[in-house]
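What follows is chain A paired twice: with chain B in the first complex and chain C in the second.
Then we have the complex of A and B:
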């Protein structure tokens, strides 16, 4: 069951597009995540695919059949909601059987499917309970079982884990992914959590400002962000975005402080350079010129996150080894030691350079990140 | 600490006082229903001639059983009709989208502001034209639905999480199926409340049946009680009290049974 989105659009009032020109191809058996900040239209897109919200423009194909105007029940899909949407007056078994009964499956098949689904999500001992007697995680499992029990091979999930506590969420992530693989489900998964998308998805669609920002594998998106939004949205701590200007023929000056060598000349203009905190190195005391002052220190156990200010006042985030000691107000000497992404002033990716301690090594080929 | 120590007994004192004020007349009525009329007339309330003779007499001499049957038929029909029509109306106001929906709803709400007494004369003219006087129909048909019931159920249906509707849509439930299989069970507490309310409302009707019924065959209890008093020049107070107690019993049953369902938290766990 592959799904094809062809230039989908949604407007609630004429001319006011909440989603525009959304195109994507979702393979059968794929785990496809739609990520974006709240209000970016990701839930709207999911509901358009489900048929709960009419599509204003474009075409939707499910299994090579046009489904743009099909009623939800004929799209052969199931949906798991953020709030679970369980029927409070029905037991776990009846909740799971609800859709099958509505679709008039024969009784013995309903029984068999329901038992199998409840077993898969490990709820056997709770099958006669009402939702109010279950914990959040168990309720979420009931919602999953309801999707599994259906014969539909496409499952739409709308932030299914965001109501769970952090530990359970991490556990359910793995379980969900394993279930999806085991059953060969095609999953379209909406989330605002970039970590969830990175860890679970085969492909990620990043939505922002009513438009697709980038579609790619998690590695692609992390390593080759198409623009500053994607670059800063993925990865914790966030990527530093520093203003830059052309200083010499093959050199950029970042935030009036750091120098970055580039392998190809750039036209003189304003640029933004993205550097992940782990691509910045703090030089040992006494080497190099101090160029940043520590503002806050966060101990995470395995590492330390430092928020610092460059000499010209631009904030920058750094990671440091846990055994070192930093105090607010300390002056540090930092240097680029890793990948740097160069974006034009509109935030579109230009190319990437491998920075090595102040001097770019020209032999690294620039990677064009499809701008 | 001091505050809570003195406050608690004070609260109970107020509650006990209120309970005495409310229950007093009821207990007095019940007590007098056990006394012979002669004692009541003398004002000898502490009489020891207690018996159920008044009850036997009420059943034998008056049409009280017929009144009970009439009221039971009328109240049950009214209740069933209100549950059906109010829930259908409320469903439309919550789950169907049509032009002028809100305007229509406010119009219905506005009828709540009109006291029933103001509608009596036009309604009477209508039912007389329809030839419905002195019949069960005349006491049921004007009360088939109620603005209050629609309002109350609309509020209850609005509590249903939109995700439940979406989940039902994905499974392909049509409006009738969603109404029957999700909306009604979800709002069952409100439905029980409305059922109890409309039953009692109908049971306690006085003005309308007084105007529209002329024979014991269709007269409901409240008007029947009034009838007992005026039939004879000498009022058999013991018997009248006994009849009044008989009439109150179904009310108490409805409230007692109803209270069992008015528990909170039955809908927990649908979402979150």
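Then we have the complex of A and C:
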């Protein structure tokens, strides 16, 4: 069951579009994540696909058939809600059987499907309990079992893991992904958590400002972000976005401090250069001119996140090895040692520079620090 | 670090401290009883004077013949009860009460739920309807009785006017036994609706929206959702309103007195009204007391039954 979104749009009041021109093709059996910050319209989009709210513009196709105006029950899909939406007065078994009974499946088929679904999510010993006697993770499984038991091959999930504690969430990620693969489900998964999207999805749609920012595989999105929003949204710690201007023929000056050589000449203009913290290297003390001052130090055990300020005051995040010792106020010498992304003034990606580039010359750092 | 460990390494202090606090606790406990009594006293006094004493006095009086101001004269044991239960007039009153109570409870719940279901929809101007639907809570029984009297009045009343337009035969609403019962049931249901609507409306609003959305996606039609999501979700409230309405219906007095005064031909002579008549019109306080006791027992029995049966269905 593939799903086709053709220029979908949603307006609540005339002319006030909360989503515009959303197009995507979701393959059968694919795990498709919709990611974005809160308020970007990702849940709205999911509810439009589910048929819970009307579609204002565009066309929705499910399995090559137009479904734009079909009622929810005729769209052949199921949904797992953030709140799980379990019926508190029904046992686990009856909750899972709810849809099958509503659709008037024969009793023995209901029983068979329900038992299979409950078994798949490992809830056999809890099948007679009411939702209130289950833990958050178990409720989550009941909601999953209900989706599995229905004959729909498309499952919509609206932040299904966000009510779980951190450890369980990580465990459920893997379980959910395995279950999806095992059953060949097509999953459309809404989340605000970029890590969830990265770890689970085959394709990710990034939504922001009422529109699609980028659609691609997790690798694509991470390695070739289409704009500064996508670039800074994916990856922890976040990518540093530094203002840059053309300095010489094939050279950019970042935040008036760091120099970046480029393979091709650029027209003179303002640019933004994105560098992930792990693409920045802190040079051993005494080997380079100091160009950044430490502002905060976060020990994470395996590594240290440093927030520093470049000579001209631009903040920059760095990752350092855990065995080093840094203090607030220390001067560091940092160099670019990996990929750098060149975006134009509007934040649209231009090209990428592969690492191993020289840090700023001492005279620049000195001049700017004095200014 | 070391300082942090030291207090924990002296657990020996704790058992010593415990008996002391225990003794204090005991003293406080005694004081608590007096405090409790001081706080409860006023309400106990009021309840005693206006509830417990009258209840016992009623039980006592039901075993006597009385003079016409209610002083017991001759002890007759259970004779009042025997007389009542063998009297065909009293049996008729029981029957009328049964019809009335069933009618009132059923229609109050059904109509209240219907109005509440309509009012939870998000439509423009719906808050006006919500106000109107709950407005009967603020109407006094006497006012309600008067305007229902107008509505049911023969030939000029609203019902007969409509009947006239449809070429239906004229109905003497309040002076024919069957229609009179229907008329008092309609009026009582109308009076009850405000409260029932408000309570059920509140319950419907508390049903989480995702439950309906999940049900809709799972293939449940609106009527299936109503019976398999809405009703079970509001069943505790339904149970509460049904019990309150049932007790209220057994105790109806004002509307009956003002609209039919138990007539015509005792067709709307409900148990409470019979109590009133026997005590304050006929001066037969012993008999009226026995009637009160029977009424109290019946209400208690029904409430108990309702708890027993409905509570099993109140599913969460």
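What we mean here is this: the second predicted complex is superposed on the first by the 357 of 371 C-alpha atoms of A that agree within 3 Å, B and C clash if a C-alpha of one lies under 4 Å from a C-alpha of the other, contacts with A are read in each partner's own complex, and residues count from 1 in each chain.
Here is the rule we use: a residue touches a chain if its C-beta (ideal position, glycine included) is under 8 Å from a C-beta of that chain, and two chains touch if they have at least 3 such contacts.
This structure is a prediction, so every number in the text was calculated from the model and none was measured.
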{"item": "Joint occupancy of chain A by chain B and chain C, clash or fit", "value": "clash"}
{"item": "Which superposed partner A:281 touches (first chain B, second chain C, both, neither)", "value": "neither"}
{"item": "Which of chain B and chain C A:73 touches, first, second, both or neither", "value": "both"}
{"item": "Contacts of A:169 with chain B and chain C, given as first, second, both or neither", "value": "neither"}
{"item": "Partner chain(s) touched by A:127 [first = chain B, second = chain C, both, neither]", "value": "neither"}
{"item": "Partner chain(s) touched by A:136 [first = chain B, second = chain C, both, neither]", "value": "first"}
{"item": "First, second, both or neither for A:102, with chain B first and chain C second", "value": "both"}
{"item": "First, second, both or neither for A:85, with chain B first and chain C second", "value": "both"}
{"item": "Residue contacts on chain A - larger count, chain B or chain C", "value": "B"}
{"item": "Touching both chain B and chain C, residues of chain A", "value": "50-52, 71-73, 77-79, 81, 83, 85, 87-89, 98-99, 102-103, 130, 132"}
{"item": "Touching residues (chain side chain C, partner chain A) in the complex", "value": "208, 210-211, 213-221, 224, 228-229, 232-233, 235, 315-316"}
{"item": "Complex contacts: residues of chain A adjacent to chain C", "value": "50-52, 71-73, 75, 77-79, 81, 83, 85, 87-90, 98-99, 102-103, 130, 132, 146, 150"}
{"item": "In the complex with chain B, residue positions of chain A that touch it", "value": "47, 50-52, 71-74, 77-79, 81-89, 98-99, 102-103, 130-134, 136, 139, 163"}
{"item": "Contact set on chain B toward chain A in their complex", "value": "161, 163-164, 166-173, 177, 181-182, 185-186, 188, 265-272"}
